[in-house]
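Heads up, there are several structures right after this.
Consider the two complexes below, in which subunit A is the common component and subunit B and subunit C are the respective partners.
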Partner chain A sequence: MGGEVPEPRRLSRALSFGCGAVPEEALHLVFCYVDDPRDREAASLVCRRWHRIDALSRKHVTVGFCYAVEPARLLARFPRLESLALKGRPRAAMYGLIPEDFGAYAAPWVAQLAAPLDCLKALHLRRMTVTDQDIAMLVRARGHMLQVLKLDKCSGFSTDALRLVARSCRSLRTLFLEECTIADEGSEWLHELAVNNSVLVSLNFYMTELKVEPADLELLAKNCKSLISLKMSECDLSDLIGFLQTSKALQEFAGGAFFEVGEYTNYEKVKFPPRLCFLGGLTFMGKNEMPVIFPYSAMLKKLDLQYTFLTTEDHCQLIAKCPNLLVLEVRNVIGDRGLEVVGDTCKKLRRLRIERGDDDPGQEEQGGVSQIGLTAVAVGCRELEYIAAYVSDITNGALESIGTFCKNLYDFRLVLLDKQKKITDLPLDNGVRALLRNCTKLRRFAFYLRPGGLSDVGLGYIGLHSGNIQYMLLGNVGESDSGLIQFAMGCTKLRKLELRSCCFSERALAVAVLQMPSLRYIWVQGYRASQTGQDLMLMARPYWNIEFAPPCPESAYRVMADGQPCVDTYAQVLAYYSLAGRRPDCPQWLVTLHPA
Partner chain B sequence: MPSMAPVELDFLGLRPAAAAAAAADHNHHGSTTSSSSSIRGMKTSAIASIGAHQLRRVIVGDVEAPPKQQAPMTVFYNGAVATFDGVSQFKAEAIMKMAMEVTTSNGGRVVVRGDAFAGNLSKDDMPLTRTKSLQQFLQKRKERLSGLGPYQLGMGPGGTSRVGAATTNKSFHVKEEAAA
Partner chain C sequence: MDLLERNIKKGDTEEEKARKEEERKEVDEVGERKTKTQDQEPQQQGQGLSLSLANGSARSGMLPMSNPSANPAQLTIFYGGSVCVYDSVPPEKAQAIMLIAAAAAAAAATKSSAATAVKPPMMPTATVAPAAVVSPVLTRSPSLQSTSVATGQPQVVADPSSICKLQADLPIARRHSLQRFLEKRRDRIVSKTPYSPAKSSDGMESPGMEVTAELKAQ
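Let's look at the complex of A and B:
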């Protein structure tokens, strides 16, 4: 990146010396050094000329919610866009809480933008509905130029579309399909990719159900010498020996599975490429199979053990060998003991995720994480930027420790599991206050507790010390409406809010929204909803869309993509700023209250 | 036909009005009276002060109402619990509105305490859900441990046959227990 960005006003004056016309090229060049979207936003507001130059030189735009703006408007402002990211369904969709017919269709975007955006080479769609036709249209318009295609937790398309992409997009460097729901019409797409592409750097179909032929992977490795990352669907590791030998440049691999538990001899021959530093998947890997990765453990920078069969003790043994870890993802079977090993060993750790293991009665995994483990990690891993943890127990002290030691924390998420009846130290008012006050770099924050976990005072603290936090998810917090209002009055920079399972009234929600000047998106599920959402109209204002899913018994009949009834039996509120007016494609269960 | 989640109304006033008399009135509606003096520290005087006759009229009033999907309505008041059948959503809301009016006219602020409110939601009403991938993995894990699923039959997911005799699963069991 270039040198310093000159302060806009001084620059304008400097460049207005001499002749009246200032070379546009000069300003263009300067703007090329300005990447940060907030800086760009500020620069575009200086004057019309700067607005135009920003518009013509902006390379990337992220549309945080696809219904916030119409494609045509985006095209009109940024005709030379090279990279576009769109987000669709609410985050809750990842947890099965949003019915499949919510919407977020890629069709209008592809139809109106794929052809006219002459410079487009990267497209990232997250949680959207994408059909084969949409992909076909995209490929027709941009296939020759497309370098990055990321379909991230999308659904609605099949491997036929992937075949088309594989055949037509020969410049593709990144194909990302993680967690998509894809109709599997055969594995030819991978063969086509292997045959037609020689520049692929990253291929990701991790957490999809696609079945592929190991021979095609080997072919891909042979033809794409620059392949650095492969994350794939489950495939027995013993079938991947050939691929792993051929792919010499590979640094990241996820998706191998150990289907033959107890048969270590099958896996003895598995050798990972020399530069490997990220391992994930490893489905069903147990104590006996662990030695497969021992030779590489010292090099590992990222390790995902969420799908393994390792016990607490196994985690301790393995992690003790990984002093260079930057990213670690585990289930809570790691236990406090495992976290102590993390604190002792992984001094460079930046990201830690502790997922919720099996806590069904009878299936309970030994382990579970508490304030003991969290404190050990806070004290030992001072470089942490991201912590997400499902904990069985917690104290204010642990939160205070995190605040004291993890000064680089950017993203903190805590979920208190509901299995343990008595929690050591509730409410968490003082702990959360200490954490928020001390972690000044925090931008994303999630706090999901249980009744009694946070009082109105504590909720007020979160607002008061919200600082620069832009996104929050809160669950089971506060005691009454006044807590919510107090919270809202403090959140000056909050842009996106998600609330679940809270005791607040509709009226309080609407009033709270009006207190938050930066809020552009709010999602709520599980609150004191009325049949009509009437009180939500208190927050009606221009450009503010209010959508409401009433609490009706029919919701029990709503069906998810996999045929299971929708778990959402509670009212939802979705409200957001939009320049596009009323949504034209709302499903029947979602009522637009505003604009009327 | 799936049953609707029970509609639970919780009336909390700040004034501990004498609800004992009201409690006696409600008893003959077939309520189950708990002997404890409060449920999770709630003070529930609002509905008690409505008066049994008013309440009865609202609930039972419309006899011709077709019994659609009507879940039982449970009312907590001053340590007692009453359950009513055949209360439609609208009636339930009407009752709640009435209780709010009575309470606010008494000068008390209606505060729904978070713990009490959510305490009425059973743990299963608003469960923590998992991501699909984690859910699928845990399901497969369950199948392996209980000896169900394709692995037991010696068939891997790719359809190719694997050495997956019962012994494999047993030895896995043993190792799991030893390691745990």
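Let's look at the complex of A and C:
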């Protein structure tokens, strides 16, 4: 290498992109290939120019908690957003643990963003309160451009708003309303949708109570040739024969019900479309009706049997015919035997969910799922990425097996049911350590046990081997504050934590939060709460909101969305990073401790 | 338990004391310090507060009062006749260490029935940000008021066994979607006639297992 070494100043200029050497358009193009939000975040910190380019080229943002930032700030930061996702109520709302008046109102977001965000064409609201007025405002501002509208476990609106959407949003490709609480003012909305839309790809009003006319569904199938996915509320399958015949492109269907159980002849004529590979709903389907889906079982990639009446034996029989399953959702009536069949048959399985059946022995075949079934699945289904299981019994060995065989595991959730008095092998310290050490791709983890299920040492293991886990739900773990602190000291990447039914003090919770550098959200219920939450102030710091629901008997009178009283009377803590300061719309039972 | 003293210096020289268990590996002899300068003796401002626990080797210690050291975030641990000094310990970590020690001590105390005295875990007032003015008042156990040796007072702040009984109170919550399905199924069984000509099952899989909701002509 001859010549002089170039002066450092000149060298850096030659290498720098920030000084006009590379045109803006080129940078924009490069940025378009950068999708991951963390990468984008890093890029935006390089220099002002890059920050501006990121701001203008960012297409999608997910706001993990709607009180973490104000709409106006988001607008200023990303004026050209095309897609926005907002999450509201804590996850526990899906389990009836959060009163309806918690908040998470869509109104300020729609009011401040719908009009100014010129490029917005996709909106996803999850667990938020959305009114008809909010939807009307959204439609007025964005109706002509809206392609994706997802109201996911939301409440507060009616079918009138859906009519408006159906009439005005003619570019709508995806309408998602799964598990929303919707006031049913009539089924015209579906008729309007069928008449006004010809590009719909996915319609989902699964797990809602909306009543619709099968004729409107047939019309929809006729007009929307590209309809690939329909997940609907309960409707007898025999009424859907026409729709299923018309919708030739359909690949996913959920929501048919078997109201006339025992009368197979009603359902003989049900023929699913030729490309069908996802079946769900099938409410009340029993052994006699099962043959309806046999002709399609070999093609099925996703199967949801959570709402069927199948016995353990029925599960065995059906699943043995489904070697191509990627996703399987069942209740624990599937039993260990059913899981053995899964392990033998479903070699490509990626996601497995085993939900909790009825506790009443008169209602449901008892037996449940244990370490035997879990091990069989682990050994047989090496491609598993997601396992969620409510088990009646468990051993360290089963957890070790999962760690050994399921190397692709990304999301693992285990709940130990409380029916069985004696569990084979507790505490689960060693098992969970083996699982966490071996499943290096794990990002989400839930472990819900019982007292004695995990010692302080075991809890420390979870922290120590938390790796890249970003979300955790822990219940009934540990023995003392010491365990929590040891856990916290290990969790370097944990961003969101939910704790339930634990023995920790407020002081320990606060100190633990301070140990976790990535933590931006924590929810706790069922711990050694004080009346004032005073010790929580130990974690007071800038931008960290601390909200506290004191333990009080009046909470027994809080009312949920379906009119049922709030079951839970235990104190809650919700703390999160926020740029928006104190929440302006806290309900009366939720006290903001910080900022004061 | 042996005499331990903890000493954290902050910018505003707030004085905090607690007892804690030794957790660190290295042990220096008394009098030898890892740090160089001499003014980093364990210092206390205000009342000296030292408590010892009788566990065979009672050890009293009243440390001399003098001005606080200049080093802010320094942690000094006395344990078993040795002293360790750590610089630049962030306040959160220090609190965590104290909490672990306190909980472990309490747990050990409940386990050992022979223990005559238990050191009540005492949490310092918290100041995460040095500039913070407000420190929450934490309840202090009565024995800390005195400077004398406290013996024969089993004082447990955290009783693990009784606390863990609290845990069992919360029922495992059920997801809404499943809940609705199970309720519908119950309603259905109640409302259906018991004499519909449904096929009966092929027999019980095993004793004690009930066949599900299909109507049986029983």
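In the analysis below, the second predicted complex is superposed on the first by the 570 of 596 C-alpha atoms of A that agree within 3 Å, B and C clash if a C-alpha of one lies under 4 Å from a C-alpha of the other, contacts with A are read in each partner's own complex, and residues count from 1 in each chain.
Here, a contact is a pair of C-beta atoms (placed from the backbone, for glycine too) under 8 Å apart; a residue touches a chain by one contact, two chains touch by 3 or more.
Predicted model, so just to flag it, every value in this text is computed and none were measured.
**Student:** On subunit A, do subunit B and subunit C fit together or clash when superposed?
**Tutor:** On the shared subunit A, the partners clash.
**Student:** Given the touch rule stated above, what does A:L538 touch, subunit B (first), subunit C (second), both, or neither?
**Tutor:** Once the two structures are laid over each other on A, A:L538 reaches subunit C alone.
**Student:** Does the superposition put A:L244 against subunit B (first), subunit C (second), both, or neither?
**Tutor:** neither
**Student:** State whether A:N476 touches subunit B only (first), subunit C only (second), both chains, or neither.
**Tutor:** both
**Student:** Let me test your reading of the model: by the given contact rule, A:A488 touches which partner, first (subunit B), second (subunit C), both or neither?
**Tutor:** In the superposition, A:A488 touches subunit C alone.
**Student:** If we overlay the two complexes on their shared chain A, which of subunit B and subunit C does A:C277 touch? Say first, second, both or neither.
**Tutor:** In the superposed model, A:C277 contacts neither subunit B nor subunit C.
**Student:** In the superposed arrangement, which partner chain does A:L190 touch: subunit B (first), subunit C (second), both, or neither?
**Tutor:** A:L190 contacts neither subunit B nor subunit C.
**Student:** Applying the document's definition of touch, where does A:P451 land relative to subunit B and subunit C: first, second, both, or neither?
**Tutor:** both
**Student:** Contact-wise, after the overlay, does A:E364 reach subunit B, subunit C, both or neither (first, second, both, neither)?
**Tutor:** A:E364 sits against subunit C, while subunit B stays out of touch.
**Student:** Would you sort A:D236 into first (subunit B), second (subunit C), both or neither based on which partner it touches?
**Tutor:** first
**Student:** Applying the stated clash rule to the superposed structures, which of 22-30, 76-84 or 130-138 from subunit B runs into subunit C?
**Tutor:** 130-138
**Student:** Could you give the residue numbers on subunit A that contact subunit B in one complex and subunit C in the other?
**Tutor:** On subunit A, the residues that contact subunit B in one structure and subunit C in the other are 94-97, 179, 207, 261-262, 283-284, 286-288, 306-307, 309, 311-313, 355-358, 363, 366, 415, 417-418, 448, 450-452, 476, 479-481, 483, 500-503, 505, 526, 528, 567, 570.
**Student:** Where on subunit A does subunit B make contact in their complex?
**Tutor:** Spelled out, the residues of subunit A in touch with subunit B are 94-97, 179, 207, 211, 234-236, 259-263, 283-284, 286-288, 306-307, 309, 311-314, 355-358, 360, 363, 366, 415, 417-418, 448, 450-452, 476-481, 483, 500-503, 505, 526, 528, 530-531, 553, 556-557, 565, 567, 569-570.
**Student:** Please give the residue numbers of subunit C that touch subunit A in the complex, ascending.
**Tutor:** Subunit C residues touching subunit A: 92-93, 95-96, 99-100, 102-104, 106-107, 123, 126, 128-129, 132, 134, 136-138, 158, 160, 163-182, 184-186, 188-189, 196-199, 201-202, 205-206, 208-215.
**Student:** Could you please specify the touching residues of subunit A with respect to subunit C in the complex?
**Tutor:** Going through subunit A, the ones touching subunit C are 92, 94-97, 179, 207, 261-262, 283-284, 286-288, 306-307, 309-313, 331, 333, 355-358, 361-367, 415, 417-418, 448, 450-452, 475-476, 479-483, 485-486, 488-489, 500-503, 505, 507-508, 510-512, 514-515, 525-526, 528, 534-535, 537-542, 567-568, 570.
**Student:** In the complex formed with subunit A, which residues of subunit B make contact?
**Tutor:** So the residues of subunit B in touch with subunit A come to 2, 4-5, 69, 89-90, 93, 111-119, 121, 123, 126-135, 137-138, 140-142, 144-145, 151, 156-158, 162-164, 168, 171-172, 175-176, 179-180.
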